[in-house]
Every structure is written in structure tokens, then in C-alpha cells.
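One structure, as C-alpha cells, below. Some questions next.
A, B, C and D are the chain letters, set down in written order, and residue numbers restart from 1 in every chain.
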Amino acid sequence: QPAVIYDMGGKFDKSFNQAGYEGAERWKKETGKTYIEFEVSNPAQREQAQRRMAQRGADPIVGIGFSQGSSMEKVAKDFPKLKFAVIDAVVKLPNVQSILFKEQEGSFLVGMMAAMASKTGKVGFVGGMDIPLIRRFQCGFEQGAKYANPKVETLANMTGTTPTAWNDPARGAELAKAQFAAGVDVVFAAAGGTGLGVYQSAKDNKKLAIGVDSNQNHLHPGTMLTSMVKRVDVAVYTAFKGVTPGITNLGLKEGGVDIALDEHNAKLVTPEMKKRVDAARADIISGKIKVIDYMVNNTCK
Amino acid sequence: MSQPVELPRWMDVALLPAVNLAIALLVAGGVVALVGFEPLQVLGLLIKGAFGSQAGISYTLYYATTFVFTGLAVAVAFHGGQFNIGGEGQAIMGGLGAGVVALALSEHLPAALMLPLMVLAAAGFGAVWGGIPGALQAWRGSHTVITTIMFNFIASAVVGYLLVNQLKEPGNMTPESRAFADSARLPGVHDVLARIGIEWPSTPLNLSVLLAIAAAVLVWLALWKTRGGYALRAVGFSPDAAVYGGIQPKGLVVMAMAASGALAGLVGVNEIAGVHGRLIPDFVAGAGFAGIAVSLIGRNHPGGIVLAALLFGALYQGGSELAFEISGFSRDMVFMLQGLIVLFAGAMAQVAAPALFKAYKALGGGRHG
Amino acid sequence: MDEVFIGTLVASTLRVSVPLILCALAGVLCERSGVIDLGLEGKMLLTAFATAAVGVASGSLALALLAALAVGVALSMVHGYACVSHHGDQVVLGMAITMTAAGLSVVLGIAWFAQGGQTPPVPEAVRLSRWFVGAGEVVAQIPLIGPTLSLAFFGHNLMVYGALLLVVGVWWLLYRTRFGLRLRAAGENPTMIDAAGVSVKALRYQALALNGVLSALAGAYLVLAQNPSFIPNMTAGRGYMALAALIFGKWHPVGALWACLLFGFLDAVSIRMQGAELPFIGAVPVQFIQALPYVLTVVLLAGFIGKSVAPAALGRPYVKER
Amino acid sequence: MPEQAVATAVQTTGASRPPAVLMQGIEKRFGAVHANRAVQLRVDSGTVHGIVGENGAGKSTLMSILYGFYEADAGEISIEGVPAKIRGSREAIALGIGMVHQHFMLVDTLSALDNVMLGAEPSWRLAAARAEVRAKLEALMRETGLQVQLDALVHELPVGERQRLEILKALFRGARILILDEPTAVLTPQETEQLFVTLRGLRQRGTTILLITHKLKEIMALCDAVTVMRAGQVVLDTKIADTSIDGLAEAMVGRRVNLGRSGAAAKPGAVLLGAQGLGVVDSLGVARLAEVSLQLRAGEIVGIAGVSGNGQSELLDVLSGLIAPSSGTLTLGGQSFTPQRWLNPRTARALRLAHVPEDRHRRAMVLPFGAWESAVLGHQQQPRYSRWFGWMRQRAMREDTALMMERYDVRPRNPALRSSKFSGGNQQKLVLAREAQFFATEPQVLLVGQPTRGVDIGAIEFIHGRLRAMRDAGGAVLVVSSELDEVLALADRVIVMNAGRISGELPIEQCSEAALGRLMGGAQ
């Protein structure tokens, strides 16, 4: 019986935890088996939860979110016979699969779309907290925008310094409005629940917004340009089916990240946009385009 | 208006709280039933989870340790006439203090030097973070409620900056510092017990629990057995009388706030040195605010605070147990339960008193009482 | 560009301040009568949830508001029952309300909408519409200052203007009516009120009722004007900022207004400063800019505002000897 | 004997109109304390009726019952012949009862006008209400001669004016029966005189007045009848004509008391404290104290007379180191001080200067502290009470407190009781005991503000005795009192203050009420 442990955001964070939840549910539906789950509400519970699951013999045990790395390192050591998987973090142990996403690649594509869709030549980014993961989103987004339109200007805002930054839509809306006032007309939000405020104010101000993690195009058809989907659901789903220890990088090539095109944003995405994005995707996969990964040496250069 | 009755001491300190807790659990049970769960099962699990196993007890004590620190912090400031709701920020700074010295020195120093150093650093950073609002209050009359709230935000900004830009280990996704060397790891209780040959499950419970007990005793002695405590309480009750008594309120206010901050800072020892072994961003997780309730439910007395902290610890641990055991019992229901229990056992503490008093009289107690 | 910058800055200041203002007013009324309110955060949160839930279910603005008011007043009555009738600890009660609200809102949300405590967005009909848009366009024609004024003060939703009016209203109630006089006296010297043959208890309950209404409006604003769907913990600490603001404003409605506007302004500025390259310093780390409002608040407080003296009987339950 | 007294009293006052107040068999317990037992009180309408008794005798309690503040455990009350059940102040007010409480019932931060109308506003709109009330009050003030600045905030008003305000408040509510609990405790002789004129005026207008006081002179001067209480019981109830100060005093305390001057004349010795040209300027830049120079010699009691608010308080604060003056010098215990480095309470004590402050509730003790804690306030760092690391010797503190209570007859004799639970009289004795107890060792300076405010005559006699004893032990005692009698009874030398300056100094032999009065008025 597999187990999944969501991080502080909770399994309905409109972000990667939720994506993970959907993956688990899909596995449940297809296999008809059940799984155990737990939502962490303070740091000490990460290890506690992983341990509890392990003691129950849950296998595999999937931890979602980079914060679970350090505790999984301890627990996995103590339970060498069990298999573990951690998402967004690296744990170098023989019984742990570390699943990483190349957010920069997906972000690169949405960055391109933003730049192409922008009439003002100004695009904006709204992050939750200023942490490496978010900077990686931002870094990829900016590269993509520049790639599509070298003269493009990008503005970036971070929401806050406390975890409330991930669910403060009102503030998200203010950040977006501020960017709009500065001339931005396409905004990409990677800020969990805060993003909902961003998308809303984009709708209210007749601007374009880009969703993140799961496909959020349906939220406001007509103003949601696209979403940068990060297939945490796929990751959890495959992990539930069987863990392959080692580091797994999921990028465009593996379909781990991508842009979402569906009926909700069909009208917004011109064929020309689609053509260039597809080309870029191919180039990235083939390695013709090198997308800088912020994580490599903590800069976007 | 219902009269506050003067219950005999034993009822006041022992029976009344017990009754309140009972009422609280009853109401909570009712709500649980409403949400569609089996109240007895839930309450049973809550208690079993908190006290039913070695691991359970350990976790309860581990949480209680943190709450003792933040609770004492609030109480010390309170006796000096200050309302410190900055425990959150002071704890964060405490963690930073412990973390910084550990990162700097843990490779070079033995545990015997490292750990005391971390304790001092945690207390010191916390003291500064509490002392500044204290000083602003003393010399500028700035209300501590405002300043401490602001300092909470500032603290998380500072730590956030350091973790992301300075202390993070390169190439790592997580805004966490690298792990400390072992000399900077406060031994867990299970390690210690193992050394004397007792089998104990591995839990976050660490030697900080002793630190917490020591802190509680020290605070009690300091407040009620020493001249300093006498002076502090005098200032808290009546600054004018204090001045007449040759006491300098300003200095004491700063001292009180600094001591308060230091106590809150010790949370950093429990969490950073005791559990995580590295500096992480969100380790306080609301314990600073919980400390306010802990202190006031404990009537600002170390003894009461220890008990209240145990209650909160039990709620936290028992709560996570519920989330484990009962599928669909979300952590939010746990929050709600905790809130209700604080409401009935804490805020409505006096509601039952008159009834108790009647019963007591009816049983013929309290003649010439 | 520049007038746009200033205009939107002011507009943003107003928008951000409104929930703080309403909440602070709620606090002023309650604390002036001698009852501490540390539960503003919780009251705001649960009323916001009520607004969203009923708004979604009924699709009616009126009902949504009504629900918010009902919940707000109910919470305040709990406050009164515990603290006024039974001399409970007012601070603990505040904490209790906040904790319970945080849990309850999500539990009910999951039970009713099965979206992890979120509610679906309320329909447009429930949202507040912008006012004085036309007037704004006219004003915009004025040379020089026109566009700025138009951006800054026109086209806000009704509650923005309402909140400003409520400041005047509360001020009027406190300083121009019999009720206000008694209320202030109850916060300073309840024994005297009692000796004058007025019930302290009744006064404090009335104050709490109003407190419930105002904090309900604050909560409703979050959903009606800001984010159409309820999100767990969407108050994000605004209740505590409001508390700070009302103390900053020395327990006076107008003082509180200025404090809230100050917070809102500093916030709006810091948003716009993010990523700005300062001369000589270069790019300032975002955390520092984010901390700026709080630092400046402390500096202003210590530097210029100085002592704010609480109502004499604040936090002390009135116990009548018999 | 008490029962008889009551009986006779009731017969003799068989007036035609029903009594304004008739309280019968009133019982009231506070836990162990039996505050009122079978109290019988009859007050004829249109008379001034005095109530006297020791601290804690039950006077305030009885009045609080009449005003509906406390509920009696048993007993009947009838007002103007009509049986009444008084459950709260509202009913009392409706019955035409008004009360001026011992501790003023005023909101400091509100204007006098607002305080008067609070609870009785004629309209819900303050503007309208204020206008109406102001008109009424101005008429009332003219009739009664009670002058108050209606627009000043209460905390800006001198006590005397607050007192008048309280009375206005009662009258404004149409009080026909007016209760005054120790109204003169905080008044200057002038203010007291003024008050009595007012009260007589009110009696003319048919108002019935109940007056609680510890000053028997006032009873004799003003009252038509008087009731004496002791330990919760009525022990005497008589027409004024049939009694005398000594009679009352004896009934109160159960023995003869003597408040006159006694003991040998002073033999002044060395100068223990010398002050030159003291001046204090307050935050508003007003000079509160100017060019005050004085010397205190061993073995003398110097009295400071003056209408309160003429700098006496500031003088005490400066001499005791609570505030630093803006000018002047001080020599004490061989050290000299300048405004730059003034002495603070701590050094003051180290130099053997003791101080009994005027405001016992605000300064002299920490009210929530146990008596044993308040009883060492200011001496906490004496080696007697604190060991290494500031560790307190609590045993010693408790024992000493018990001893002080014994010596100074503090009741109840319970070191653990909260300081706030003691009556003012007893609080005062405790403070005095504390300041005096380090006297045994060697002579020193003692500053006393309002030694006997709110204290019963038994205690007054006792306290005066102690002060004289300290003088005779070679101490230099400075007594500040708004009671001329007290100054005259204690002082060997009287300094009169006016407008922050010393307007004159007289040896006691040359002191006459008239002479002092002139100086207090500012005549040189």
C-alpha cells in the first residue's frame, strides 16, 4: 500500500501538492487499490509522518515538496527495505528516487508566449516567496521572453516573506495591478493560492495571465493565456506504480513540464505563437537551446 | 452579572481546570459528531495518540518543550507590564543565532563547547529581538504590541534573506542551511536512553526538554524569590510605587523584554539544535502565538504554564495521530478542536465556577472559608 | 506615466487599507468599551468564509452580506458571553476565536464544496461594482492633476467609500452621542458608569455587537471586492495589523484611519519598489524591501507618535461586589 | 447599652414627617468579615446626620447598601416612609438618593460637564444634552454656590472642585437624600468651610444629608444627629445637643482619646537636612516651586501648612528624590546635591531619609502585593532582606511585617493579605510602620505627607504619638498636612506655603488659625 505526504501547503494548494493528490487519485481509480496520505502542519511532522508510514510498511512512500528531503534522508536510512520517492529534492540513497522537474524549460516556453502575446512589450512575474525554486521559474520565464522578443521588459514581484505568501490572493491582485499600471499586459504567477488573485485581477483589468503547476486555463477562459503545467501528478502516479531509485529529471523531453493548450485558451494562442513555441520546444529537447538552470550556480546568467 | 466566587485553593487550581477540560472535550466531541465522526473514537485516539505510546508521549513532550519556552516568554514580559506578542519573531531569531554559531564553529568545536554556545546564541539573539521593543517602549513609549508584531515580520524577512542568499548550500533546491556537524546536534532523548541501555523510539524529543524544565524553575525563582523579580512585578503592577521604592522602571522593562525574548529564542535550541540539525525557514510554525494562550491559560505562573504547555503538546500530537488514524480527518479539524478546547478550557474558565461553588457549599464545605 | 504611477499608488493604498480600516474600527469600538479584541483575525476570516459560502450558494449579494453580519455578531456574542458575562480572559478568547475560525472555515469548506476549503468564486452578481467611473472620466479631463485624481479616487467599489464614511460614523457615534459617551466611560471607569445607574454589561455587549458588524464588513470585503473565492487563511495576518493600527492611532477612529492608510501606503510603495535598482546600492534584496514597511512603522512610531495610552479599564473584566 | 441608646433615639425623634431614611436590622457579611450586624439607622428628613466610626467599622458598607451598591444579607429599608427594595444604583437614584463616594466616581479623561450628565443625559445627541445640562447646572451652581469649571477635564481639577462636582452630580439627579462618604478627607480647611456652607444651604432647601467623617469637629459643627458605629454595630445614636467630641470619641474607640498637643517641648539639635533655593518648573513651564529654603534639625517636627496644591507635594517629591528640581541645592547626611546629580529614592534611604508619601494608593504600596511584600517596599535591597544574587529572605520579611502589624495595630493582622484589602487607615499604619522601623538604630529624617488622611481618630492619636516619639528619639520630622489642627497639634515650627513659595514661618507659640490663615492666603 503506497503512501503520499503533502507539505505545509496542504493537498488543495492549487499547486504542486494538489497535482500530487490528483496523481494519487488517478492511480487509485485505475488500480482500485487504496493509499495512505498525510498533510504536514509543522516541520517536525515531516519526519514523523514518513516514519509512521514506514512503520506501517507503506511502500512506496512519496514525499511532495523540497522541504521533505532532509527528513526523508534520515527515515530512508532507517528503513532500507522500503522504497521512497521525494519530489523537488535530492536524496542520495539506494532506496530513494529523487524526482526533479526542469521548471526552467516549461517557464521558458510560457515566457515566449507571454512576450509574443504582449502588446506593450512588458511582461510580469509574480512569485510566492523568494526561494530558489521560484527563482528557477522566474529565470526560465525571463529567458523565454527575451528569446521571443529581445526588447521585452520583465517585471518581477515576490509576495511575502512568511508562508502566508502562498495564500494571500488579495495581495496577489495588488501585485498584478501594480505591474499592469507599469505597463505589463501578460503576467505569470507561481505563487500557489496567491496566484488566484493574480488571475482574477488580470481578468478584471482585461489583461492576460499564465497559470502554473496544474492546468489552470479553465479558471478564466479568455484571459488565461496558458498554464505552465508541472506534472507532479504523473510523477506521483509513476512512483506509485514503481520506484526507480536515483535522480529522475523530468523536462520537456520527458513530458514532465509543458504548456497547456485546450479549448479554454484556443482563441488566445495564434498559430504563429504555437509554431514558434513548438520549434523552441524541439530545440530545447535537442539541446540547441540551452536554458539556464538557476539552481546550477544560484544565478540566472 | 455572574459573580466570580472565591473557590478554595485546591478547587481553583485543580478541580476547576479539570472540569473545564471535561466540558471542552464534551463540546469538541459534539462538534466532531456533527462533522460525522465517532466522538468517543476521536477523543480516545486523541488521548491515546498523545499518551498511549512511548513515541506519543515523546512527541507530546517535544511539542510541550517549545510551548514552555514561548509561554514563559509571554509570562515574564507580562509580569513586567508588557504584552509581548513577538514570540514568533524572537524564536526565529533564536534559531538563527543557534544556526549561525553552529555553521561557523561546529566543525571546530567539541559538543561540550558547541552546545552551550548555541544555547547562549539562541538566547542572545532572542534577547536582542525582545530587548529592542522593550527599549523603544521604555524610552520612546512605543507600544510593545505594535513593535513586536512588526518585529515578527522583520525577523522572517531577515532569516528569509540569509537562507536564500547566504546560508543556503549551493545546488540545493531547499532554502535550508547545510547540516551541522554532529558536535552541534543536541542529543535526542532516545540516544541518551540507548546509552544507558533503554530501548526508546527515535523521536524529536531531545535534551531541550530538560532546558525547558530548568527555565520554568528559574523563572519561578527569579520572579518570586529574588529582588529582581520583586522589582519587576512592582513595576508591572504600579510604576509609581516602584519609583518610590527606588526601582528604575525603564531598565527593568528592557530587562524583562530581553529575558522574554531570550526564553522565546530557546525554541531555536529545541528545533534547530535538537531536531533539524540545520537552519530551516519555517520551524516556529505559530508556536510564538500559541505561547500567548499557553501563558494566560497557565495564569502566567511557570507551574501553570508547564501544564498548559503539556495540554497544547498533547493536542498537537494527539491531533496528528487523528489525521493518521482516521481517514478523512483533516488537519483542519484538528485546528478546530484545538481552538474549541482553548475556548472552553481557557477563555470560559470561570463559567463553571459558580456551579462548582454551589455544589461545594451544598456539600457543606467552606464554613468560615 | 508619472501621474499614472501616483494615481495607482493612491488607489492601491486605498484598496489595501479598507479591510484594515474596517477591522480597526471594530477594534476601536470594542476596546474603547474596555474589552480587548485579539480575535479580529478570526472574526474576519470566518465572516469572509460566510460571505463566500452564501454568495456561491445563493448568488445574492444581500444574503451573502447578511450571512457575514450574522456570523460576525455571533462571534462577538461569544466574546461577550465569555469575557463580559463570565470575566474570561479576553486575550485567550481572542486566540481561541482565531484558532477555531482557521479550522472551522476549512472544515466546513471541505464539507460543502469539496475543494480543500476553498469555495468556488462567487458569481459576478455578488461582487461589488466600481463606482463613479463616469465622474472619473470627467475629472480625468482636468489638465495636469486630472488623470491622477481620476485614477486615485474614482472607480473604486462602494465599500471603499463606505469605509471612509464609517470612520466618520464611528467618530460621530463615539464623540457626539450619548451612547458613545457612556461607551468611552465604560472603558475608563466602569464602576462610575455602574454608580450612575447604567449597566456596564449592556454597554459592552452593544459595543461588541457593533464590533461584530464591522469586522464582518472587513471579512466580506475580502471576498466581495478582493478575491471572489474564499481561500484558507486568506486574511494573512491583517487582523493583527489592524490591531497594531488602532493602537498606533491611539484608540481613536481617525487616528486608526491614518495608521491604516500609512500601512497601506508603505505596502503599496514597497510593492512598486521591488526589483528597483537604487543608485550606488544597486539591486536591493527583495526581503529588505518587503521588510521596509514594518521597519518604517517602528521608526515612525518611536520617532514621532510616541506614547499611546490605553483606556484605563481595558482588559479588566468589570466585577461588581455585592 | 447600645440597644437602649437606639431605643431612646427612636422615641425622642418622634417627628411628624416620616424619617427620610429608615434602615432596620441590616446584616452584611463579606466572607469572614461581618461588616454590618443588626444595624438600625433612622435619619429625619431635612437634617444632617453624621456617621462616625473606626476604619473598617462598616460605615461605607452601610451606605453602599443604601445606595444599592451592595445587597444586604438581611434587613428592611424604607425611604420617606415607603418600604423600598434597592437592588441597584438605578433604583436608589430613582428614590432620590445620591451618593458621593469616598473614592471619587469620576472619569478623569472626560470634562466635568460630561461627568455630571453621564447616565442622565436628557437627549441622545450630546450637543443638545450638553446645552440643556449646562443651563440646569449653571442655575444649580448659582443656587448652591457650588462652583465648578464645567469644561475642564476632571484630571485638571483640584480635589476640592472634584468634590463639588460629585455633589453637583448627585443634586443634578434630583437627590433629596445625599450621602457623603468622607468628603472632607481630601479637602483643605477652606474647601471644607465652603463645603459646609453649601451643605447648610442644601439643608435649608430640605435636602437630607448623611455625612461620614473621621473628624468629630465637623460632626459637632454641622450635624443635627449622629450615629456611632464600631465593629459593624451601632453603639450610639443621639442628637448632637446631647453629646460632645469626647463623648463621641469614647463611643467610637471605647476609651478616652486625646488629640491635643502633648509631650515635652522640642530641643532642636544639629541640622540633618538643609535645602536652599529649591525650584521646580513643570512640563508646561509653570513654576510649581520657587526659592524654597528650609532646614530640618534633629529633635523637631516642622509642619508645612498651606492650601493643597501650593507646592507642598512638589516639595516632598524633591526632598525625597522622586523628582529632581530645576534649581537649588540639598545637603543631607553630609552629602550635597545639585539638580544635575540629585538624590534618588535609593540614595535618600541610604542617607537615612524616610518618606511617607501623600498618595498611599499610588505610591506607598503596591496594592496587589501581599502586605508582607508592600511592607518592605524601598528596603528590599537591605542585607536584612536580600542575600547573594538578590535572593530574598522572605522569612525575615514575613516576620518583620507581623511585628510591624503588632506594633502599629494594623487590622486585620495578616501579613499574607493583599495590600488593597486593608482599609486606608490600616494601610497608612503599615506604611508608617515600614518607614519608622529603621528608626531604632539611629536618628534620621522623616518626611510625612497627609499622615492621617482617611484615618479614624483612634489611629490618629496613635500615629501622632509615634511621630512625637520619633522626634524625641532625635529625628527630624517634616509633616505636610492640609489639616490645620494636625499641624497645630504636631509641629514645633510651622512653615506656610503659598503659590510654591514659603509665605511665612512661625514658631508654634505664635501660631493661631487666623495668623496661619492669612499666610496661607499669601499675605506676607
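The definition used in the following text is that contacts are C-beta pairs under 8 Å (C-beta built on N, C-alpha and C of every residue); 3 or more make two chains touch, one makes a residue touch a chain.
This one's a predicted model, so the numbers in the text were calculated from it and none came from an experiment.
Chemist: What are the two chains with the top count of C-beta contact pairs?
Modeler: More C-beta pairs are in contact between B-C than between any other chains.
Chemist: Using the average of all C-alpha atoms in each chain as its centre, how far is it in Å between subunit B and subunit C?
Modeler: 29
Chemist: Distance from the CA centroid of subunit A to that of subunit B, rounded to the nearest Å?
Modeler: 35
Chemist: Approximately how many whole Å separate the CA-defined centres of subunit C and subunit D?
Modeler: That pair's centroid distance is 47 Å.
Chemist: Distance between subunit A and subunit D based on Cα centroids, please, to the nearest Å.
Modeler: 76
Chemist: Among all residues of subunit A, which ones touch two or more of the remaining chains?
Modeler: Where subunit A meets two or more other chains at a single residue, that happens at 10, 130, 161-162.
Chemist: Which residues does subunit B have that touch at least 2 chains other than itself?
Modeler: 153, 157, 160, 164, 330, 334-335
Chemist: Of all possible chain pairs, which ones touch?
Modeler: Every pair of chains in contact is listed here: A-B, A-C, B-C, B-D, C-D.
Chemist: List the residues on subunit C that touch subunit D in their complex, please.
Modeler: Touch residues, subunit C against subunit D: 175-182, 184-185, 188-189, 191-198, 312, 321-322.
Chemist: Provide the residue numbers of subunit A that touch subunit B in the complex, in ascending order.
Modeler: Spelled out, the residues of subunit A in touch with subunit B are 8, 10, 36, 38-39, 41-45, 47-49, 51-52, 66-67, 69-70, 78, 88-90, 100, 129-133, 161-163, 295-298.
Chemist: Which of the residues in subunit C come into contact with subunit B in the complex?
Modeler: 38, 78, 81-83, 85-89, 91-93, 95-104, 106-107, 110-111, 117, 201, 232, 240-241, 243-244, 247-248, 285, 287-288, 290-291, 294-295, 297-298, 301-303, 305-308, 318-320, 322
Chemist: Quick check on the complex: what are the subunit A residues that touch subunit C?
Modeler: By the definition above, subunit A touches subunit C via 10-14, 18, 130, 155-158, 160-162, 164, 167-171, 173-175, 177-178, 181-182, 193, 196-197, 200.
Chemist: Where on subunit D does subunit B make contact in their complex?
Modeler: It comes out as residues 31-32, 322, 344-346, 348-349, 355, 357, 362-369, 373, 377-378, 380-381, 385-386, 389-392, 394.
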